[in-house]
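Shared chain: subunit A. Partners: subunit B in the first complex, subunit C in the second.
For the complex of A and B:
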């Protein structure tokens, strides 16, 4: 799976993250106080404005401190009752229809149906739940303002923070129920949809014999089911597997002899799993064998994967740490995703040949090379055994022990090289890993539902915050804008950097005004504009426009970053460090939106 | 901090004065801060414990604005309002307040019991107390049979009654009633007035604003008449309605012939139950007179001497 950034340890991440959070929160609070003072100064003069802002801040914090759980619970219950009155459960019917469509239109014969189904279900659940809770959140308070029901609430000893928190909790409660129900339904749907088996007919199997005519095994194929079939390879005892295809395999046992033999085919194995990878750090050797931090760019716009040239000393080297005999008693189960870039067609049906070698970083001892054939879009596996060989200087192969001879202090290097000249292997750091264990798929799926829940919580709090001072439709637009900016925060950051530094290679095409100009004049984004005064002014204006967007992108939440559906769909266990970081981020955003919402509502005349 | 201290000191002296306003004014502005409407001109007011105080005025006179300012629903442009010695924007004062808005703005998807339970929770009341208070209030307002029906199914009169119940859920010391008899039939109106008098008897302070002058006249101890955001009249109802400078003689049992010479022969003809005093006008007459005077001489307080001769 694609993992553009390394997942940091939560314990190491949380400290700096809290400092950044407090710093950003402090800046936003100062900015808000300055705006409030300016408005009050215009109305009441500078001194009175200072007094009012100071008293407002004090009263706001007193409100936050004086919250009553009973009142918050009452308001949360009211939000739930209101949601039910608005027939929020209709969304479950919509989800059921989506499941029907998924059953009809998703192709079970795709490369990896498990990934396809899971991606769809988790994506649809995320979208539906977030949309529903956002709509509930943004329209609730404005509706109360319009019906003036809020007046009978605010004339009770209710703090604005309680109104905001009660609504967040109430709508989040509704969202939680939806996530749970959709999660359960989705899980049942996926498990039932991908479950299948095949038949193996005796006529489809042939014996494999050696030169003496002795039977060494059986080979053949399975029946065509769900748009695919497997090659079958059995040993002489009739035990074997249907080879990996569509992201899974089946165990097969031959029962009986001769033409009366039948074959028991096991369930799909490997479709819904939660691999626990041990990842290493990646470095490269260039075509001359010199160390390099990067491989070769083959011109792909996305620079996630770096390439090594075939038939040269170029290599991609992963260093793994924490490799112990206790954790890997049967050897090292190495799993690899190797992309291929061909400069000539070659033997297109075969894949590109290469080797994998292990090296002791302390003694420089290398294992013999394991040949591999890169199959794109699948995960290749290689079990490096405990006992393996090393090639001596005279060409003789000597047996060595994996842990005694190749691993030093739990560290080992894995070298990947491409053997075919003119062809390239493309890899990223996350593409090679040791399969350190197996998690529970159901538990992993539940963790991904937790990711949806985080996103729902952030969206709900965001919607409630905007609804404290904006009308429903405007609050909806504002919340969507924040989500959109958060979604593209990395792009906006790079765009701003490109604009400020004038380096068009970071993001070609310029800012919004320049882009508009290029569209209107049909000018390519790669074409440098003449530095006329008008163009200079346009670029300067773009910088001014982008500055607040850059600031906003730095603090707005990215909902997709909170999602962990990719892990589940790709069959990887969601790391607890990532989940804990997401939980902390969610708590941070909800707290910020709660405080902001409470202050906005307190500053508002609910009966004007 | 200074304000907190002031509020505390006011709280110590709150034994009698429940509501106090000082130069309290409100001006509504548009988005750009431009003055849109002066809803209330500087108002000084004191309302004491145990009295029924009426706010009178035509539409747009500022009486609801005053009530909203006292409740902290809107913020004063200048001046100050204190309730129980605390600033009107301090939500903790609401623990001792009950408020019946003009239209009983309640959640229509709740039934009567849920409504009172909800508002009871907002007062942080324990479950037992909530149940007890809700049952008693539902019975008091005569909704026992309809307590499980959603408020959307209620008639206007029933909605008004559950509104009253929610205003009293916390057994408040100060009750603010905005048009309390609006939408009630004559029996309901009578019950509402009885309730207001009963609240006074129980030591509660009641502030009400109403267009129904007869209702105000029946129950209020003191009234303030507002017009165009300005206080035009303030005082005890009895004092305000008494027409001084004119002597009224009331007698029973006089013959027709005696009426011509009544002033000279009253005593000689031996009329019984002779009553000599000041005549009393109606609140409606007073109200209309104040409004007419205010329109004729805007910005000036109505003069007692004018009324005396009028």
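For the complex of A and C:
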């Protein structure tokens, strides 16, 4: 799978993250206090304003510190009851309709149906749950205030922070139930949708013979089912596999002889997996064998993969740590994706040949080279055995032990080289890994649902926060704006950088006014505008418009960044470090929205 | 003011419990429904529907006229609540992103969604099918994967064709992909083999297709012929008709050439060239619309020239010597400087002389209508009519000539006429045989086959002046001769002098090494 950024260890990530969080939170709090002071200063004079703001902050913190779990629980129950009264469970019917008609929109003949179905289910669940909880959250408090039902609560000894937290927990509880139910239904849908088998007819198979006429195997194809078929290769004993296609393969056994032979086809393997990879760090050697942090660019727009030149000392080298005999008792199951770039046609009917070698980083001892042929987008596997050979200076091959001779302190290097001059191998760090085990797909799927749950929590807290001081529709719009800016926060950051530095290659086309101008005048985004005073004024105005967006993008949550569906869809276990980081991020946002909501409600209470 | 008085004032300004503004809005809404109904009522079995429905039907724009109605697409379009265009823009953007990051699963799904939203937009089908067959297929190293993606693009077009039954261009694109992408790629040998063995495609496309019929060029020709039938039945052809109608001929020619490249000769190759000749003649006699709004037939240039000649002779008989007399009068009337400029050889004229000569040539231009205008009154009407016919025939011949140049018609006609002959078939077969023997290092048999091939080529060129004068043919022959030269070097034999195809070699430029 594609991992454009390395996943940091949670223990290393959390410290700097907390400092950044406190810094940003402090800045926002200062900004809010400054605004409050300005408003109060206009009404009551500067000194009184300072006093009022100070007392307000103190009261707010006292309010937060004195929250009672019992009262919060009671308010949360009320929120749940309100949700049920508002027929929130209708969303389940909508989800059921989506599942019923999903077959219309999803192509079973897709390149990887498992990925497609999982992407759809996780995406639809996320959207529905977040929409429902957001609607509940933004309209609840304003409706209570309008109908004055809030007074039945505020006249009781209840703190504003308890009202806000109670609502967040109540709606989140409803959201949790929805996530659980949709997750279960979605899991059943995916498993049922991708399960399939094929038939292999005797007419579709032919014997493979050697020069003497002896049968060395069988080759042919499976039947066409769910929009695809597989090429089949069996050995002389009739054992083999249907080649990987659409992200899966089938085991096949030939039963019987001659024209009466039949074939047993196994279920689809590899579609719904949870590989547990042990990833390494990648470095390169250039064509002269000198160390380099990068490989060669072959001019692709996407520079995720770096390339090494064939027929030269160029190599891609992964260093794996934590490789122990206990974890890999049968040898090292290496899995790899190797892309190819050809500068000449070469042998069209053959792939590009290369080698994989293991090297002891301490002693420089190398294993003999394992030949490979690049399989591009298909994950190739190579089991490096416990006993293997090394080539001595005189050309003799000596047997060595994997763990005794090639691994030093749990570290081993894996070298990839391309053998064919003029051809290139392309790899990224995440393309080579050791398969350290197999997780449960169901558990992995559940972890992915946790990502939806995180997003739901953030959205709910955000909605409740806005509903403490805005009318329902306005709160909805405000929350959606925050979500939208959060979704595009990376783009906004790059756009702002492009605007400030004047480097149009970062994001071509300029800010909102310039974009509008280009649309109106049908000017291409890559065309540099003449720096007339009008254009410069337009760009300056764009910078002013983008500045607050850039600030907002720095602190607003990105819901899609909390998702981990790609891992499940690609068949990889979701790393604990990532989940923990997402959980911490969610907790941070919820806490911030809770505090802000409590303060806003308190201010409103004081004002009224 | 008391609450009671407010209530009583409110009830005095309300009717049916509604405020006047609300009431007026509701009435306005109800009134607007009347023209809306007249305009937008859908057609059904009971009637032709409202104005829009009738206009759609008249222009062939209703969904049922365009092609199959896809319930999925209709549902998605409905679900976008009028934001279809925004959704499509976002999807194009996503498709580009997925292509960039090589996420083929999501790219395919996005393309599917785009076509659901815009099922009748030709460019979506054309552009994205090209993306699949040409741009994405080459991202894969295994030729079987490449082939699978080429076929994905072709199947994508098939979906588009089902939804756009009156769009000949989509059928044409399908023909182009099947012909050109499979038959002209670097992997054409492998692709053509896989295409023949692709039961799934052929079962979907036309069940019962025999093995010889599974040639990609023949299947492409089927698509072009289907597209032609559609255009002939009145479907609008929004592309250059000349190129569009030349495709069946070109695919038939490519089919014959591909067979010979594969080493298939004899009656099979002869039949293939016969088919190409038939297609060429069909194309020659097809009516082609032109930018002058006068349809032409490419095969009629010679006939038009003949007609012009015949009419000129009739005019000469009617007005004997008058054409030459007018020309002479014009020459006599030329100013002296123009006469002097004309006397200078064209390449030796200076700038002023060139201008004077150009003016003189315009002034000297004599046409039969000019002569007819000065004819005696008793013959003038007839002369004018004949002159009009002469102009028509001449202009038509010129127009045909220009259109022929665009598709290189003269060359392809000469090719179809020559290649079906026995010497050409022999020349191709012997050339193929010679190159195979040479590749297998069987030098003497290769030399003998080359010699026989050159002898046959001589016969072909002697019979076809068009091929003899064609530069590309000369270049092809020069490449063959170059390999022959290398063979002779290995045999340590001199290059024959005089060489049987020396005139062709002289025409070809030096070979790129």
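Observations
Rule of thumb we're sticking to: the second predicted complex is superposed on the first by the 500 of 608 C-alpha atoms of A that agree within 3 Å, B and C clash if a C-alpha of one lies under 4 Å from a C-alpha of the other, contacts with A are read in each partner's own complex, and residues count from 1 in each chain.
Note that in this section contacts are C-beta pairs under 8 Å (C-beta built on N, C-alpha and C of every residue); 3 or more make two chains touch, one makes a residue touch a chain.
Quick caveat: nothing in here was measured; it's all calculated off a predicted structure.
Superposition of the two complexes onto subunit A shows subunit B and subunit C fitting side by side, with no clash. Contact with neither subunit B nor subunit C is seen for A:303 once the two complexes are overlaid on the shared chain. Within the superposed three-chain model, A:55 lies in touch with subunit B and out of touch with subunit C [touch as defined at top]. Touch criterion met: A:158 reaches subunit B, while subunit C stays clear of it. With both structures placed on the common chain, the touch criterion links A:105 to subunit C but leaves subunit B unconnected. Residue contacts after overlaying the shared chain place A:440 against neither subunit B nor subunit C. Once the two complexes are laid over each other on the shared chain, residue contacts for A:342 go to subunit C alone; subunit B is not touched.
Applying the stated contact rule after C-alpha superposition, one finds that A:237 touches neither subunit B nor subunit C. Between subunit B and subunit C, the smallest C-alpha to C-alpha distance in the superposed model amounts to 6 Å. The contact sets of subunit A with subunit B and with subunit C never meet. By the touch criterion stated above, subunit B contacts subunit A in their complex at residues 3, 28-29, 33, 68, 71-75, 89-95, 97, 99, 101, 103, 105-107, 109-110, 114, 118-119, 121-124, 166, 170.
Interface of subunit C with subunit A (complex): residues 71-72, 75-76, 100-106, 108-109, 112-113, 116, 140-145, 186-187, 189-190, 200. Those residues of subunit A that touch subunit C in the shared complex are 2, 101, 104-107, 110-112, 115-116, 119, 224, 229, 231, 301-302, 304, 339-340, 342, 345, 348-349, 351-352, 374-377. For subunit A in complex with subunit B, the touching residues are 39, 42-43, 55, 59, 63, 66, 68, 70-71, 73-75, 77-78, 81-82, 85, 147-159, 605-608.
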